[in-house]
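Each of the next two complexes has chain A plus one other chain: chain B in the first, chain C in the second.
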Partner chain A sequence: MDIVFYIASAVAIICTVMVITRLNVVHALLYMIVALLSVALVFYTLGAPFVAALEVIIYAGAIMVLFVFVIMILNLGPQTSQQERLWLDGRIWVGPTILALILIAEVAYVLSTHSTPAYTITEISPRQVSTQMFGPYILGVELSSFLLLSAVVGAFHLGRRRQLYPEEIAVSAAAVEQNTSPQGDIQPEPQIQSDIHR
Partner chain B sequence: MSETVLHLINVLGILIVVLSIAASLPWVERRLLGYLQDRYGPNRVGPFGVLQTVADAIKLFTKEDWIPPFADKPVFIIAPTVIMTTILTSFAVVPFSPGIGVIDLNIGLLFFLAMSSLGVYSVMLAGWSANNKYSLLGALRAAAQMLSYEVFMGLSLMGVVIISGTFNLRNIVLAQKNMWFCIPQIIGLIVFIIAALAETRRLPFDLTEAESELVAGYHIEYSGMKFGMFYIGEYVGVTLISSMIVTLFFGGWQGPFLPPIVWFIIKTFFFIGLFITLRASLPRPRFDQLMSYGWKVMLPLALLNLLVTGGIVLATGS
Partner chain C sequence: MTAADVYAILPLIVLGGASVVVLLGIAVHRSHSLTLILTLTGLVAAFLLLPLVSIEAPRQVTPLLVIDSYSIFFSGLIIAASFIITVLSYSYLSQQRGHREEFYLFLLLATLGSVVLVASTHFASFFLGLEVLSVSLYTLIAYSRKEYGIEAGVKYLILAGLSSAFLLFGMALVYSELGTMKLAQIPTSLSNPSSGVSQVFVLGGLALIVVGIGFKLALVPFHLWTPDVYQGAPAPVTAFVATISKGAMFALLLRYFTVVNIHNYPSLYLAFVVIAIASMFIGNLLGLLQTKLKRLLAYSSISHLGYLLVAFLASGPLAAVAVAFYLVTYFVTTLGAFGLITIMSNSDRDAEDPEDYRGLFWRKPWIAGSFTAMLLSLAGVPLTAGFVGKFYLVTAGIGSALWLLVIVLVVTSGIGLYYYLRVVVAMFASLPKGSTIAPAMRISPHFTGALAVTILVLLLFWLGIYPTPILRLIESMVTGFS
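And then the complex of A and B:
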């Protein structure tokens, strides 16, 4: 199991680095999906199969699908890669690199001074997770369900087809009449956006 | 050592049997559709046209495997492998009979749901990477459809989990010793079958490849064996879904007189037949009908089923 853990962690780190450095958004998202999958494997090797399954179902299988969906609708062209390339010049990397180096140094220091106890893996079954969730942590579950419900209501509000007021209907009817009048000149066709997305 | 060998035989055996069943299904489907529509179907190659699949496979292998120059090459190549990998990995948790099955995972059901939710990527990436209007439209439809039907596909199975008290598929089968779950969970079964149809993108729900409007949808630019992956992947998916229905609702391998594996295969083939018959009899809905049907009918139904099941189990204390 040890070797599986290390391989999965290495894959997760490499993929995360690739997510940051890719210029093509969809490729970056693909690396992110692989990173999430390897994190799920890390959870599994640490004895949390339930969390691992949820990680795949919720993060990799639902949230990232929505991300890819939105990116596909946006239909980003080659100019976005160009823009990314312009943004990601050398100076941008200085700050994050210094901060990350400080953290790495701290981790190395902690690991070298304190002898960490060898971790023992106790597998947590789904039943144990649920008794905890709906026992001591019920308040957190309820609060997050409030949050989700408000998100659903908000999404419904945004997506709802708005009811027009009577005066608005009159205005739009007048506009339609004006457009269809014989004197009305022919509207220029709207510019169709290029569908080439790279 | 012998245990490892036994395990390997188990894995390879399941893989070969599943793949050969899936590969022969196109012929079964075409013949059955032929009978249902009062025509012959393929009956020229070999006895009763059995070798039609072989002929098709040879054709696919020898065809030019063309990658469009305007496509995103790596993603275009990865996409068909994703669907095969996710579906075939799901077979690892299916308990075929007491002795046959790859792993006895205590989160088996969740593993199946996770793999089926990853299958969406195959279709989405295929449609996007081909850089073709029709395939992009197909991919967008696929993403919306599979994402929404996945929600209550999971919910419809939770009734089974409540009654049996486990995510382990083997224990779920054993819990159906006295009564198959298709009786107490009839609503769950109906919701699951509909969601599963949408998930495999079979005919009443095949808006992602609707020939009459999207030409072929997400796999329009694919040819050769890459197309074959999608084509066979669909049938492997049908086999998987049928065996999951059998495992979860129809007592898995349990049955009198015949050996367990035979029962499992008989039941699975019954549901494969059902899926094919549905294809011959149902028209394709409009896309907005499909979505509103999912969210406004199926989701409340699945939630209601979950609520009632939970209430009954709580009240009877079993």
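And then the complex of A and C:
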């Protein structure tokens, strides 16, 4: 089991280094997913299967998928399809795939051998985690909810599209008029109009 | 949790409840003044509950929090400061456009985080309180959504995130060696010879925790964010960062390193001495180079936290009293200074150019007079609160024979006097003939802001001339803990 731990840790470190050195966001994300999976395996070898499962479900699953979606949505534009073809070029999958295969081999090895680790481990079940969470650490759970409340409302406030003020609307309307008047009957840019009404 | 536990943390519950009420209030009906009233009601209710709760004190509420007279005193200080900042924010935001109501929600949440910090006896509540405070501050700093506000917010976000990582790693190291995150158990696990605790890891963990704390307090190697964030944030938020955020963290620092006796760790002690000296020197010397008022106050606050470390290192029975009293005077003075900047600011920008203040005395004598009082108190001139506070710091330092630190404190205070006086001189200078008044100067202070500043000026002189009642209060509440 020791060797499994060290290989998984090495994979985690390699992936993390790759994450922060990639110039393309999607490439970095691919490595990050593998990094999270390898951390999950590290947790598993240390006797925390519950945390390992959470790591896979929440981080590698939900949060990373959200990341990928946000980045894909943000890059809307005429060159998007061209860009996506570049991102999903075969070569960029090689690195993450090899590292992920190493992890799969490790998982298969661990599951097949049932080897016990050299050091003593106390396994912590979901039940124990829950009784702690809603027993002595209930205030911690409540505080986390306030933390999330603050983060959500903050993201809403900072990310909201800014309203235009009356004088700014006047300025942009004047700009539209100036642009269109020489061409006669061409309609004003719909883009700016919709911004004003939003 | 028993009913008595719930009773003991009622002020926190009220603060949390008030933030939810404000949130729902915004959802139902967006009204600036209604939100203000809800916020102030929540703060006043939480404040009034403190004396009732103190009957139950000291009480350990779950492993996370302790409600003792020490935490009640600092909670009261934080909630009172938050009240003043809320009132100032109202006069500041009245001139701003866009959504104004969410501001109060973040103020309440940040206050809640700070109150959790001063009552924390467990690494989990330490970290969660700190994060509730920090995450609220990210948004508050960038609240205006102008370029410099966003810049300041992003800087704070990245550096605070980094320092939280240091803090967490330090906590993990301490936990991995001692097997406990409860503050009270740390000294007993440390002194237990059979456990085979590696002092290196514990010391490394504590050092990393100090990095995290040092960032929040803007002590010198970790101070680089301070001037930019102070300058970019709206003036009331800068007041919050300078007072409540730092005060709560300092109260926590004092509690943690009194329980984990810092004198048992010579290397950590030495690190604090170096940090204190560097903060006092660099804060004051770089302050000399600043022209913008908010940046100047940023360096001033760095040096003030350095002064506070002198009393922290003295750690006698007088030290806790000196720290608490100095924090009170620092709160009053800093809130006053930023309050005056707030009421001088207009919708375009905050009043921070030296030009905004040139000849102010001849046009607005009351504002200039109040500002002079605040700056003199920051410099520690007699008859102001700052003098009495500094006197106690020096007494605590001499009591523990920290001669080097006391000498540095006195010398650097002398250097600092120069840049405070430079602003004062500018305010009393006459305007050049035919010059136009800067737009920020056409002020008609909102009465709420003016009222808050008036109260602070009165407090300033009261603390400077007759500090006995507040000192008695501090002695009865704070010394019980150490």
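Remarks
The criterion applied here is as follows: the second predicted complex is superposed on the first by the 104 of 198 C-alpha atoms of A that agree within 3 Å, B and C clash if a C-alpha of one lies under 4 Å from a C-alpha of the other, contacts with A are read in each partner's own complex, and residues count from 1 in each chain.
Assume contacts are C-beta pairs under 8 Å (C-beta built on N, C-alpha and C of every residue); 3 or more make two chains touch, one makes a residue touch a chain.
Since the structure is predicted, the reported quantities are computational estimates derived from the model, not experimental observations.
Judged by the touch definition given at the top, the superposed model places A:L66 against chain B, while chain C stays out of reach.
Between chain B and chain C, it is B that contacts the larger number of residues in chain A. Contacts of A:S150 after superposition on the shared chain: chain C is touched, whereas chain B is not. Shared-chain residue A:I33: touches chain B; no touch with chain C. By the touch criterion defined above, A:L158 lies against chain C but remains apart from chain B after alignment on the C-alpha atoms of chain A. Touch criterion met: A:I138 reaches chain C, while chain B stays clear of it.
Chain A uses no single residue to touch chain B in one structure and chain C in the other.
Interface residues of chain C facing chain A in the complex, by the touch rule stated above, are 1, 9, 16, 19-20, 23, 61-65, 97-99, 102, 105-106, 109, 112-113, 116, 124-125, 128-129, 131-132, 135-136, 138-139, 142-143, 145, 150, 153. Put simply, chain B touches chain A in their complex at residues 70, 72, 74-75, 78, 105-107, 110-111, 113-114, 117-118, 120-121, 124-125, 127-128, 131, 133, 136, 139-140, 143-144, 147, 150, 154, 167. Interface residues of chain A, counted against chain B in their complex, comprise 24, 26-27, 30, 33, 49-50, 52-54, 56-57, 60-62, 65-66, 68-69, 72-73, 75, 125-126, 195-198. Considering their complex, residues 136-140, 142-144, 146-147, 149-151, 153-154, 156-158, 160, 162-163, 165 of chain A touch chain C.
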